[in-house]
Amino acid sequence: MKRYVDYFGLVPLLAFIVAFLGFPLLAILRFSFQDSEGNYTLNNFQTITSGIYRDAFWLSFQLSLFSAAISLVLGFIFALAVTRLQIPILKGLISTASGVFANTGGVPLAFMFIASLGTYGLLTDWLRKLGIDLYANSWTLYSFSGLLIVYLYFQVPLMVLVSLPIIEGIKREWREAALTLGAPYGLFWRKVIAPIIAPQLFATFLLLFTNSFAAYATAAALTSGSLALVPVQIASLISSNVQVDGANTAMALGVGMISIVGIAMTIYIVLERRVVKWRN
Amino acid sequence: MARVRFSKVTKRYGKTEALRELSLTVQDGEFVTLLGPSGCGKTTALRILAGLINPTNGDVFFDELNITSESASKRDIGMVFQAYSLFPNLTARENMEFGLQARKLGPLEIMNRVNQLMEVTGLSEHRDKYPHQLSGGQQQRVALVRALAIRPRVLLLDEPLSALDAQVRVQIRDEVRRLQREFGITTIFVTHDQEEAMAISDRVGVMDKGELLQIDVPKKLYDQPEHPFVAKFFGKVNSISAQPINSQRVRFWNKEYQTSPNSPRHGIATKSWALVRPESIVEAPQGQGVLGVIKEISFLGPLTQLQIQVGKNESIIMTSTSGNVSGRKVGDNIWITVDAEELFVSVE
Amino acid sequence: MEKLKSFLNKSLLFLALIIGVLFFLLPIYASTVFALQDVEGNYSLDPISRAFANEEITRSLLLTLRISVLTVVLTLLVLIPTVAWLHIVVPQARKFVEFLSLLPLVIPPIVQGVGFLYSMPSFLKSTPYALVFAYMILAMPFTYRALDAAFSAIDTKTLYEASLTLGAKWRTLVFRILIPNVRTGIFAATFLILALVLGEFAYASLLLWDTFPTVLAVAGMGDASAAVALSVLSLLGVWLALNVINLLNKSNRSIVNVGVR
């Protein structure tokens, strides 16, 4: 009897999660298998795996892959510099700044980049004076590579935030023990550091990937929908209401996104169980 | 194995001197402990010897070889750290093999050496466990074996017992000493625990504020301290306010005492303190010495410790064989005096 | 040789640091100049006063602030007792609840927004304050972790038992013992919610509410200078607020690094 009572304290939170996460999720699942009349169908999934929607997934996938890979490298090096140089206050200021960029980014970032690298942006102007015309070869900030640059501004900070504890988790004693044991730096990296941080970096890569995959605000504010990423497509299907079964297609796109993120997470969990035997 | 010599080694961080002109020789096969409170420079000295930090001035020698600028990885040193030094992703065995692999020894040689050490330390059954599956004591044993496996010239122990439970601590302490004797390896041990230092070392060096104050066999440090800090840090001591008579004699508790020759010369100092061990305080015949009131009695088995208030605010600790004081109660008056020919006297 | 190597190492790290800092500062600098410089190249604070004179913007800013405060309050009200309960009464359920708390990470905000739109009763869709519920869920992966870490760091159960043996009342236990001890977690959760709500766009734009980010996005189409100025100001504002919280926190543990792993 007492056992049930023990779980009563969890009721408010669980109720909350069911109401505001469970119900919406169920609605999406249900509508994605229906047409606008409410008949069950698989048509929506046929729609999203072909034509512009398949292209949207491919575009989102590429953007996420590149932004995750680049920010993984840049963010880690930056975090390494911040922790190793041990300049007082700097770490605090940079981690707070990263927190802001990574969480608040979105719309403000888009405008800051229009001001910097847009057609009349200040950096564009400087580069033009240096003889580099960014816009000469039909490049624009509102293209794939432009968006990629802007994405780095919330991806790299997120990487910094996640890297700091990873780097601080590398104990000084390990390096010193390896040193006194006569190990060259290469051996220490190969046998100790790499096996320890590789799974963490892989997990971080997946996190960066999903973060970029799910991002909507920046793309919406920057390209006004001209770059057809999946979230952009979902939003326009919901708000425009011109297409037959538009909302249902949007739901199916949503299910598609959840599946991709879910697959990434599953890969991570399975791999971690296999690789990381040494952690409890 | 090697003789280790520090020659006027100084380490400064900005304006603070972590270590001041340390000169010290540790003989081949000797076990020397550096003892002191945190921040006294003992760890700095050890890390300079290991090559993990560079001294600001001075040199370090192995036998006649100056190794001051040799990299840590080439010094052939075995070091055991306070904690967390095992590589968490390697099993106990892989940890122990690490230094041997770095030396590119053959697999058979590696196996033999590690097996032999695992045998004598009782680690064989834990060989395939990861560090997080081992107890604190087992982890430190693995760290010790890992350090010994490379047959280092010197073994450095940086408070390796401080994170362990009292019981395990004594066990591993004895084991360290046994292995050290067996291999005859020159060992420097750093600790803040004076009991540990006394139990394990050939010689103990007491350090404070970056300086080595005195280094000697434990008994001599206890009986003939050359510095008030040494007297206070090494065992319990009463400091009793004493009146200087001349540079060789002081007076307190209605009696004069000879000042020991290693005391700081006090000359015309107006105030001085006699440092007296609790076991040198004895009961005096009625009317002799000084009158005190027993404030507390702690029975410690063969010995009993009394806390006695003398005068208004002098609190004296006295230890005595339990039989001698068995009838005493808290609140009783007691006449006490000091039973010693010479006393270590410090000045204000 | 060793010294040279370590010097080179340091210089490379320093270079990386400078490039990194420039990476952050360059767009902020460019935007500031862009926003405050007029066609003739003179600087003026006009765009800022224009932005704040715009009633739509100030109204949306106030709305967003109110929503953030409500989200913070609601999150703490629900999560602190739940996490405390988890630590004291049913520690065996911690893994499961942690898993639940991470679910919102798997579902992109835009998808959550669509689900909200199509599953909530209309009274929840007729007020912007319903966003509070949505934002609480969005922030939960981070807020839950922050509070759980804080409670893990203090051995909640022992504190609880100690205060019971000392005859403390529940109120004393909660306000004098638990809350002060998990302050870092509370600060961290507060910051995370502030940063998240001030930037949240997906939900607000789908549900057509005029929060700060959605109004800002529209304003950008009209008055670019004002929009850029507001963008910089909002990021700087959140950053300053965050540094203040960080200082108030006084603990060694960072409030930002709740980490996602």
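Lettered A, B and C in written order, each chain numbered from 1.
The criterion applied here is as follows: a residue touches a chain if its C-beta (ideal position, glycine included) is under 8 Å from a C-beta of that chain, and two chains touch if they have at least 3 such contacts.
These figures come from a predicted structure and were not determined experimentally.
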Report the chain whose CA-based centre is farthest from the CA-based centre of chain C. B
Per-chain Cα centre nearest the global Cα centre, belonging to chain: C
Please report how many Å separate the Cα centroid of chain B from that of chain C, as a whole number. 51
Approximate Å spacing (C-alpha centroids) for the pair chain A, chain B: 54
Whole-Å gap between the CA centroids of chain A and chain C: 17
Give me the residue numbers in chain B that touch at least two other chains, ranges are fine. 71
In chain C, residues with contacts to at least two other chains: none
Multi-chain touching residues of chain A, meaning two or more other chains, are none
Enumerate the contact residues on chain A facing chain C in the complex. 6-7, 9-10, 12-14, 16-17, 19-21, 23-28, 31, 74, 77-78, 80-82, 84-85, 92-101, 103-116, 121-123, 153, 156-157, 161-162, 164-165, 200, 203-204, 207, 210, 213-214, 216-217, 220-221, 231, 234-235, 238-239, 247, 250-251, 254, 257-258, 261-262, 265
Where on chain C is chain A touching in the complex? 10, 13-14, 16-17, 19-21, 23-24, 26-28, 30-31, 33-35, 78-79, 81-82, 85-86, 89-90, 93, 97, 100, 103-112, 114-120, 133-134, 136-137, 140, 191-192, 195-196, 198-202, 205-206, 213, 216-217, 220, 224, 227-228, 230-232, 234-235, 238-239, 242-243, 246, 254, 256-257, 259-261
Touching residues of chain A toward chain B in the complex: what are they? 171, 173-174, 176-184, 187, 191-192, 195-196, 277-280
In the complex, chain B residues that touch chain A: 50-52, 71-79, 81-91, 98-99, 101-103, 130-133, 143, 146-147, 150, 156
